[in-house]
Every structure is written in C-alpha cells, then in structure tokens.
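As structure tokens, here come the structures.
Each of the next two complexes has subunit A plus one other chain: subunit B in the first, subunit C in the second.
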Partner chain A sequence: MAVQVKEREHSDVETEQLATGCEAIAEAIRLADVDVMAAYPIRPYDGVMQAAAKLIANGKMDVEYIVADGEHSQFEIVKHACAVGSRVFVGSSGVGWFYAFEAIAVTAGLRLPVVAICGNRALDDPGAFGTEHNDSLAVRDLGWLLPWAETAQEAMDLALMAWRVGEDKRVSLPVAIGLDGAFLTHSQQIVKIPTQAAVDKFLPRFDLGDRLLHPDNPITIAPQVDQDWLMEIRMQNDQAMRQAQTVIREAHADFKKLFGRGGASPFIDEYMTEDADIVFFGQGTLALPMKVAIRRLRKEGHKVGLVRLKWFRPFATEEITKCLTRFKAVGVIDRDYSFGSPYYGGVLYNEVRSALYSQEKRPTVVGFIAGLGGREIEQPMAQEIFEKTIAAASDIKSGDICHWIGVRS
Partner chain B sequence: MAVETTTLPQIKGVKDVPYDELFVSGHRTCQGCESALVMRHMVKASGPRTIVLGSTGCMYVANTTYYTTPWVVPWMHTQLGASGSAALGTAAGLKVLMRKGKLKNEKINVIAFCGDGGGADMGIGAISATLTHKDYNCLVLLYDNESYANTDIQLSSQTPYGAVTTFSPSGTKKRLMHTRWKKNVPGMLAAGHPESRYIAAGCAAYAVDLMNKIRKALELGGPTFVHTLDPCPKGWDYHPQYSQELGHLAVECGIWPLYEVMDGVCNLTGPTRQIAEGRKKRKPVYEYLKRQGRFAHFADEDVEHFQAEVDKMWTEWLIPGVIPFTIPAKDQTILKIDKKALHEQKTA
Partner chain C sequence: MSEPKETSITVEVVYRGIFQKTLAQRICRSIVLAARKRGHTGTAFARYGDSPERNGVPAKQFAVVAVNDLELEASMAKYEPAVVDVSIAVDDTLVKGVESWAWYGRQPIWKPIRKDGFLLVTSEKAPEEVLAQTDKAERPYTMGCVPGAASFAGLWVFKDDHTDYRVLGALAKVVPDWVRLDDVKALIKEQTKDEAAVQSAQYGYDGALLRAVKAGEGTSGHEKLQFAKPGWTTMRPGIVVDARKPGERNPQYKKYTARTLRPVVNFDTCIKCTMCWLDCPDECFEVTPEGHYEVVYEACIGCGICAQVCPVKDCIVMVDELKFEDNKDKWQLWKTDHDAYNKWFEQKSGVPADPKRVAHASTAAENANPAANPTTSTGGDD
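Right, the complex of A and B next:
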C-alpha cells in the first residue's frame, strides 16, 4: 500500500497574523494536511469551518470538506474516514455536541484519533450562546483527551499537539480541544504561524498500522464482545489514557524545541505562584481577568497567583497535587456546574479535591461557580473570589462550600 | 490518473453467479434468515475489493461475535442511524487518500447496510444526505425484515399495516395496535435525490435480480441505494422453510414491487414487470397474509383494507408501487402521462 506522497507547496517563512481562535485552528488544519473534515453550523465553533472553507476555496489546502446533515452525521463521517487512514477534523458546540453524543462515545471506544474542537457554549434551554464548559466536560469519562486553550496561539499549538498525541500508537484516542465560545473562538489575537517544514518535523504521517480498514487488511472492527471481553477492552482504554501523559510530555518537549512555545509544563501553566500563599485554579480564558486581578492584588501586597489547567484529561494528578500542596488555599473557579455533586461544587472543584485527598499537607480548596453562559468575570467578582479564598485559608473545612459568584438576587 | 476498475458484469443466470463466498460461516443468524442471504448475495456480487459497514441490528449482532466473523471482506460496525454517514465517510477517506497519493489508487467498493429500523426510521436523514453527495462512490443497502427484529420484534415504519409486534400486540379491546401504512422508502429516495444514479427495490427470493441490482449500483457509482424485503421467520411467525416462498408471494401479490430507478428512468423488474404488463395476474394479498402468524388476528375487514391499499398502489399511483401520486382526471390530458409507455421504457 505504500505509495509516493505528493509534495505540497508551502512557504518556509514563519509569519504572524491577526487571527481568532477559530482562524488559528484553521491554519493548524492546513499545516497538518488534514484529509477529511465534516462541518455543520452551530455557534460559536463553526467559525473554524468558515475559516477552513475559505482556505479551501482559495486553494490553500486540499481537504475533503463535507457539509453534513447534523452533528451525529458529522462525527460519524470523520470516524469512518479515520478508520480507512485519514487524518480528520471535526467540531461542535453546546447542544450540537450533545446531538453527536452517540458518535462521540463510540469514537473513543473504537480508539480512533479524531481531532475535534468544542467551542464551549451553554447547553440550551434556556438559550445562551456564551461559554460554559459542560459540553466538553460531558465526555470526560469516555476516553477523549481534553485540553483547554487560553489564547488563539495556544489553540493552534494544541491542535498540532492533538494530532501528534492522539495518533500516537501508544494512545490512539480522540482529542477535543476546548475553546471558550466568543472569548476565544471569535477574539482576534496575534498568532505565529509556523513553517510547513517545522510542522512536518513535529507531526509524522498518520498510520493506523494493522488496524487499517482496507481490502488488503480484511479485519472485522467492533464486533459484539459482550461480558466476555468488554472489561479487557475497557482496561486497554484506561492504559492508553495513562500512556497519554508520557506521550504529551514527549510531544511538549519536541514542540518547545521546534517552536519555542509551550511553557514549563505541558499540563499546567503557573502565573506568579513562586511565593504565593493562595492561588486561583481554572481553565480556559478566565485566566485573563484573573491575571489582571492578581497584578492588582499583588500591588496591594497579597501573595496570590494562578494555576491554569491545560489538559483536563488526562488529569496530571501527580503534577497537579505537587503544585497545589505548596499553597495554603486554592480557589477553584468552575465555568461549569455539576448539580447535586459533593458539596454542590463544580467539576474541577471535585476533581482537585479528589486528587488531593491522600496528601499529608492539603490546602483548603474552595469552590466558585462563575462566568456561566458567557458572563464576563469582572474585577469585583475576582475580588470576591479572592476574599472568600483567603478567608477560608486557615480552616480546611471552610472549603466544603461552593459559592456562586456575581449572581443577582 | 486512470483508476483501475474492477468490472462487475451483469450476471446472466444462476450458473453465472461467482463461486467465491465472502460471507461465510461464523455467524448465528436464525434458520431461514433472508437478511443473512442478502448479506451473502451482496458481497458475492461486489467481490473481494469491498469494504462493508454494518449498522446496528440483526446483521450486526447475529453476525459478528468477538473472536469469530463471517466476513471475508473488511467489515466495521457503525451506529444504528449512521449507515449513510459511514458510507460517506469511508468513501471520502478513500477518495482523498488516493488523490493525495497516500493510498494505492484502485476501485474499492463501499457498502453500508442498515436494517429497516436503522435505515427507514433513525438513519433516513443521513441516507438522504449521502445520496446528494454525488462525488462519493458508495452504496447503502437497507435490509428490511419489517421490524426491529434484533431487539425483540418491535414495530418500525416498515412494519406492515396491522401486523403484530411486541409493541403492537393484538388485545381484547384493540385488535389492531399498528395502523400506519408502510413508508415507501425507495420511492421516496428515488423521487428526492435526482443525482443518485441508482436506486432499487429487490428481494433475495429473486437472487440474480438482486445481485445484478447491487452490481449496477456499484458500477454506476456515486451514492446509490438498494432496499430488500427480507422475510423473517422469527418476526413474521412462520416456519423457516417458507422464507423464499414468502418473498415470492410478497412480489406476486403486488405488496413489494421490484424495480430500479437508473439515471432517472424507472424500470419495473421480475414478476412486478409481468404484472404491470398484464402478463401475470396479481395474487390476492390474503395468499400472503394467511401464511404469517403476525396477521393471524386479522378480521375480514382488515384483509379487505390491506387489499384495497395495495390495489390503490397499482391502479392509482403514478408509477405502480413507486410514485404514490394520483392525477385528477381533468389533468390527465394536460400532463399527457401514458402509464403504459412508462412501463415499456427500454433498459438503458
């Protein structure tokens, strides 16, 4: 089956351009030489499909671009294209993501490295276009790798990482990049676009090996395994998710070497934490208002910092607990909800507390639910989060509470 | 860039059918299962350079148990409502990989199958979408055993009027729980997808006709569709030895017309054509109904209603059993539609 791959025209100059998170991802699709993508409209993720369509129309990339009849079809189309060896891209938002849920679930079960973005959006009803992380988080238990981007640059970088990590034979799992709706999908920032040569060095050709569906390799994929084999197969997925941490570390090191970006750790991004007593913890674009608050609070003499989570799955438990045990208190800010959960906290809050449970020295972990439905996290809200976190610092039990921030009575 | 084509010539008769079996032992379908026969004919017709996608249903669960498989060709499961998308995604993947030189350029047949639940109910939207994507070569085959036969015989939109299923039992107060007429799937798809080059209705009881329809679909290319009616001993409640006979009766009673719509031209085939041409007399539907336990509760009036609806298909529809429109008498001359001429159109 080995044949000559056609040379692609490309520039060898790294460029900078003003791009939204969606446009940055579209550039990553071009650089990764994606084979098949499937589109269906829903705001705000669909900016990426619009940007990609323009690149195709202008002859900048050669992709099989399929406009599907719904999200379920979108995700099924790329899943099957992936099974015959195509590098694929897909995405959705909010309830659209849920419409595709069946296909999303089986993609992980099939160990097919589909790369998606989830332009995070509140789950209607009632209708709301803005950011909420419950759409992405709904797949957290299924075997999808879930990174979250803060900037358009990071969105593009994570996309390139996603194909590299997901397609690695040790992992072979799908990846869904979280992009905060509007704040990131539709805000323009300066993005460095790497050269094709550098990307080709970073990203090897996709090779499914002996799992390729082809008449030369007549395998039967996904038969009925029932109780006889399901546990063994589920455990393989678990092992793949464990391997993913190693593979992400390797990819991150290579990425830094080639592109000079990515920060100290692939999993968390620390901001002004060196001497901090308390830190905020969260993911996505809420880092921006929290960093503004930290700079203001520092001027007032408060030793406060931010730990931003970059990969929610796999959850880098060891690294995260090692980091968070350095502080007296952690204010976890959830842009999500988990009704009826322990202490009525958000998803991140309970994940962090669970990770810290067996640590000898534990910080107080306080929960905050903020910025739902795309509500902006304004400075008075950041101030309230800070005050409540510092007030709880001396008593670990005072963390057993989750505060809703900036809610009108 | 010339594409190496595997030619699939029309089969002239039973003796001309390929020997190679590509759907073999290793499955646990019921005795007398016509759908399993459809699977066998399907890959016999398509040959070994074929990828088969199977959506959830009997032909998934009963065919592929881990550590064994009846499929000699590559096979992959797809979701209940995803046969259309599976066909499309697979065809698109092969096409782009061959165009970019990442895969050897050759003709590979892509067939996605679904049952009546997966195809006529849940997956109809995706099948419809696929039939509009004319750049991709793929066939969707709907094997119709007229119920969700894998999950315990529940009614689908393909279950015939009045039939007993586990969702439509016959009770003391209600003799008929299911009173909807069967959805006309191939006719609907043919009417609604003018760029699909081939849409056909077949039956495994007419094996050569069915294999030729599958070959035509794959040879003409683009997205195509074949719908088969498959008698099901378990769901229809009859002895397994009568499966072929019931397939014949469904056609001979005019309930399941055999036809193909090729490049916009409708040809009735087999006994259906003979009936339309007046060379064969349509049998009363009672001949078909009385052989099946699922109609055992029918009163005379139910049989009469069933017969009347089938008669309407033959006497009033624009094309018998295919296009369910009637034309008011005053417009007959304006539209100048000559039904006889339609039947006599030559095969392209």
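Right, the complex of A and C next:
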C-alpha cells in the first residue's frame, strides 16, 4: 500500500487559508472526495456542517449531503452508505454523540470505516458548550480509532489520515477525530491546503472488496450469531486494532513524504524533551498553554518538556512507554474525568500508569484534571501542575495522587 | 428408598418453541421443587440462546438436582449441559431430530443422553413406533412413552391438560432416587389442591411404557446435517456471511425440525391458483413444469397456512410428521406413477385422492393430531 513519491514534490503548489478547525475538516472532506455526509446540528461540531454546505453551495464540492432527523439516524445513514461502498463523513458533539451511541457501537462491530469528528464538548447536564473529552472517550473500548488534533492544520491532516488508515483492508475500522470545542473548532489559524493531485496520491479509492453490499454480490451483514460466533468476531476486531498501528506508521511515512508534515512519530509529539527530567502528558489543545509554560520554566532553568498524545486508540504502548521511561516524573493532564476510577484519576492518567506498570524503570506519574467544560488552562495553573509534578519526582508516594487544577473551593 | 449414588442429576426438556415454553418451565421447576422435598437442592434454567424463541423451533430447558450446594455449583454456570441423565421430549415428532436456530445442524434426540440414561416422550404411540423414527442409537438408553398427545399452547397462555403432572409421574418411575412419586404428588397437591391433578401424576407413573433401546436400534434414514463453526482466521471480516442469489435456496437454511405436521398436496385437484405459493411465509413452494405447486420439505416448518388458504377442499392436507421418513418431494412420483402417488396420498392423509369419493371419506380419516396445528397459536417472543 506504500505510495511511491518524491520528497516534497507538492509543497510548492500548496495554498494557504485562514480557517477554523471545522473549516479545515470541510476542506479535507472536499479533498477526500467524500461521497456521503450526514449532518445534524449541535455545537461545536456544526461548524463542519456549515463549512461543508458552503463549499457545496459555492460549487467547490460535490457530496451527497443528508440532513438527518437526529444523531442516531445521522450515524446510521453513513454506516449504511459505507456498506454500499461510499466514502463517508459524519460528526457530532457531547450529548448528540451519545444520542447516536447505538449506531456508533455497531459501526465498529461491522468494521465499516466511517470517518467522524467529535467536536469535544461537555456532556449535559448542566448545559455547557466548552470542551471536555468524555464524549469521544466513551467509545474508547468499542473499536473506533481515536486521534486528537492540536491545531486546525493537524485536524485536516488527521482527517486525510483517517480515511487512509480506516479504509485500509487490514484495519477497516471507524475513526473519530477529537477536536477541542471552541479552542480548535472555532479558532481560525493558517492552514496549508494541499493540491488535489497530492491528496489523490495519498488516498486511494475506497474499495470494500467482497464485503460490498450490492445485488451482484449477495451477502448478509450482521446476522444473529450468539455465543457460538461472537468471540471470534471480537477477536477479529482486536486483530484489526493491532494492525492499525502498522498501517498508521505507513500512512504517516507517506504523508510526511508528500506533504512534509506530521512530526517524528505518528503517535506522539515531543516538545523540548531531549534533556528533560519531567514532562507533561496530554492530548488536544491543552498542549498550547503547556508549551508556553515550558518555555517560561526553561528560562528559569527547569528541565521540563511535553509529550502530546496524537492517537489515543490504538494506544501505542511500546512507543509511549519507551518515551516516558526516559523521565523522572510525568504529569498527566486529563481534560476528562472518570469518577470512582483508580486513584480518582482521569482516563489518560490510568491508561498511562497501566502501560508503565510492566516497565523496569518507571517514572512517577501524577494526575491532573484540568480545563473541564472548556475552562482555560492559565499560566498559574500550569505552574501548579509543574510544581506538583516536580514535588512528586522527589517523593514517589505523591505519585499516586490526582489533583484537580483551577477549581474554586 | 435408596439414597442416590451420584451427587447430581441433569434433566432436559426438549420442547416446541413458544407453544410449549410454559409447559417446559413448569416441568423443570417442579422437578427441583419435588426433589427439594427430600432435602436436595437444584436449579432450573432455559437455554438463553433459544430465547427469543420461534414458533415450533426445538428449544430446551433444564433442571439440575444435587445433593448439596457444592455439588450444584458445577452445574450452575452452564449454558446447555452437554450430558443429561434424562431427556424429556414433550412432542413425539421431536424424535426425528432437533435443530434450534442456534445449534448449527440437526441433532439426534438422544445426543446428550448418557449411557443407560432415559428418553421420555409424550406420545399416544407405542415406544416401538416412536423408536422407528428415532436416530439409530450409539449407546443404550431406555425410552419411555408418557401417554398423551403433544400439549400446545401460546406464549401467554397455558393449556392445563396435566401433561406436566403425567411427565413428573413418569420421571419418578425412571429416577426414583432423585424424584419420588410421593413428593411429586405432595407438590402437586400443594400447588393445585386438585385430586385429579395428583391422580394424573400417578397415571403418568403407571402408564409410562418403558422399552430398553440397544445401541444400533433406530432408523438411519434421517439426514446428517452439521455445519462447521469458523474460527477468527477463517471467518469473513465485518460479520459478513454468504447470501443467496435470487432464486437460489440456502443449503444451510433447513427448518424442518420445527415441523409437527406436514402439508401433502393432491395435484389432481389443484387448480393452480397460486395461493399457497403466495402466502407461504417461508417461500417453500416451487412451481412444477405443469404449473402445480410442490412443497420443499427441507424449508417447510409445517405452519399450515398453505392448507388454510387453499380454496380446494382436501387439496392440501396437514399430516402427522411421524408418518414420513424423509424430506423428498413426491411430485416426481405423481408424474411417473400417478396411481402410486394417489395411493400414497390417501394412505398418508386419510383423504380420498378422487374428489368424487369425498362423500365417503369421513370414515377413512386417520389424520392424526389435529390439536397440534401450530397455526392456532399466536405470538412471538421478541
């Protein structure tokens, strides 16, 4: 499947746009030549709806654009369209994502490579528009690939990766790209838009092969199976998720060759870690204030860096543990909650601790829950995260403690 | 009475889905409750894979009785016991073999019965006649016929015709170490306050006809039907299975073990109106070159709708399934030897093949089991 390309052959003809994360995703929909997209409005995902509708209205994009009567139908529509061989796009946010949950679960079970965005938003009640990762994370065990973007550029890049990886026959799994509400979905940044020719090289036509639902290829999809078949079917999903890491690496290598972006690793992005004693670990836009803090702390002489996770699922255990065992302490920042979990930590905190358990040399891991509901992570909060992590580095007992940051008493 | 030598006993009730669900449940519960009277403990459960069950499709419920809780534990987390001491078939046509939609293939009725175990069948027939339609035994067991026709009801109704009491009485006859007749009677007395119900248990005990079956006895006429279960490497990805092209029949979709009655067709009186072909819920009819409609017996569940919608009297007749050895269609016989076909039709259906003789037909009717027509029952459990 590896694409034969010359180094950076298309960089000279890239164009630039000032675009929100949602608009960048709409550009990716256009470039990927999506056949069917289903829409139902909920903030902040609906920015994509509007941006895509505008591209269609302006004659720049040709896609079957179906406005559903709710999120459940919305996700069912693309699931079925995908089964008949369409490249599809869908998305939602917060409780809208939850309303589609049944369709979301079966899409992974059916191995249909639906590409979605989840414009991350706090779950009602109380009503809140701001970002929280619990909507995306609710599907973490079901077989969806879950990348998270930091910038509008990365949102577009991950979307192109999503079709390439998800539709690969070795994977054939749905992908949901996490976009932090407001910080990313509605903030305009400079985005490099690749040429159609370059994207066509990166992204082959979608081909379901002999799984295509068509009168000429009579198949039954998803019959009742019971206990006699179910474990084998789950095993197939497990194997597909294992394959996904390989396929992501291949796609990442091709993407870098074609577009010159994507960083050293497809799974993590390291910032100022070479000589670091302690690092922060998180995903999405919280990397931005943490990088500001790191530059400030570095000036004060602290050896501190950031490891940003780009793919939560598949969780690249080997790569992540190899990276994190280089440091004395890791401060994991969760923009999510997992009430009643081990040490009352966030989802990411417990995933990281679990991954590190079998390592001979383990860093101290401290958990932080911050920025819920879209609360901004301000510099004094970053400072507090730093101080608590560095304290834990010298006193391992405090490593099992999780802290809520920036919460009023 | 001697104490049990084994530490537990497993009984299964094989029944017709929906129609006998309540009956099976009552039998299994009563086995445990009767055994409880002498200090044993037990559990009663259904094979969950059979529920939502379907009209007439063979299904199973179970009762396990043990001497104490520790012995029972080994039987508690079972989906379907692989070995049973007693199998109770509450409809005699089940002896032709069973296939629930979750079993992948036809199983001989005795498949889970241990060596020297028991097969109790509710039947108005003699054990010899029932044995003639039972798969050839691989190990010895004892067959017992509990007097009475198959008791069919619906999902929400129960036909209180004492079938359960007769079965419990017969069970006390074959495994007295576990279920005592006195305990069965006492239980029924408590539950019903009805002396006639108690007497039905005694009737089942006295009336059960037992016959020792040696290995090798039985018929080898039934189709062998087993499908392999694929592994995760051989299974198609995406929960995809092969389907049929238009006009093709699925060789793996055989539902005949759901059948208690089968339609036989008088091609002489058929007016080719297409009603049976149109209304059959399972698309079981094929058009013959002459434009008649012949039943594909491998696909037919015996629901009887064709006989109901047929406008010609006695053109499609529903006949006791135990009268047939195989699923071969008879249209070829009608074409090659018309008289032989008509003779066969009359012998099976008890109805004259020549409609002019209909006036004299009433005395010839030997069409058994009219009460067992499943179409009179309603309801599916979704």
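Everything that follows uses one rule, which is that the second predicted complex is superposed on the first by the 396 of 409 C-alpha atoms of A that agree within 3 Å, B and C clash if a C-alpha of one lies under 4 Å from a C-alpha of the other, contacts with A are read in each partner's own complex, and residues count from 1 in each chain.
Going forward, a residue touches a chain if its C-beta (ideal position, glycine included) is under 8 Å from a C-beta of that chain, and two chains touch if they have at least 3 such contacts.
Model, not experiment: these values are computed from the prediction.
On the A-aligned overlay, A:76 touches which partner chain: subunit B = first, subunit C = second, or both, or neither?
In the superposition, A:76 contacts subunit B only.
Which partner chains sit in contact with A:127 here, subunit B, subunit C, both or neither? Use first/second/both/neither.
After superposition on chain A, A:127 lies in contact with neither partner.
Give one of first, second, both or neither to describe whether A:36 is in contact with subunit B, with subunit C, with both, or with none.
A:36: touches subunit B, not subunit C.
Using the touch criterion from the header, give the chain among subunit B and subunit C with more contacted residues in subunit A.
Touching more of subunit A: B.
Which partner does A:68 contact after superposing on A: first (subunit B), second (subunit C), both, neither?
first
So, A:301: does it touch subunit B (first), subunit C (second), both, or neither?
Once the two structures are laid over each other on A, A:301 reaches no partner at all.
Let me test your reading of the model: by the given contact rule, A:109 touches which partner, first (subunit B), second (subunit C), both or neither?
second
Quick check for you: in the superposed arrangement, does A:229 touch first (subunit B), second (subunit C), both or neither?
A:229 sits against subunit B and subunit C alike.
So, A:260: does it touch subunit B (first), subunit C (second), both, or neither?
A:260: touches no partner chain.
Between subunit B (first) and subunit C (second), which does A:221 come into contact with in this model arrangement: first, second, both, or neither?
A:221: touches subunit B and subunit C.
Taking the contacts subunit A makes with subunit B in one complex and with subunit C in the other, which residues are shared?
The answer is residues 218-226, 228-229 of subunit A.
Sort out for me which residues of subunit B touch subunit A in the complex.
Subunit B residues touching subunit A: 48-51, 53, 60-61, 64-67, 69, 71-79, 81-82, 84-90, 92-97, 99-105, 108, 125-126, 128-129, 133.
Which part of subunit A faces subunit C closely enough to touch in the complex?
Listed in rising order, the residues are 109-112, 172, 210-211, 218-229, 232-233, 235-236, 239-240.
Which positions of subunit A touch subunit B when the two form their complex?
1, 3-6, 33, 35-36, 38, 62-64, 66, 68-70, 72-73, 76-86, 88, 102-103, 106, 205, 213-215, 217-226, 228-229
Of all residues in subunit C, which touch subunit A in the complex?
Subunit C residues touching subunit A: 49, 79, 101-102, 104, 229-232, 235-245.
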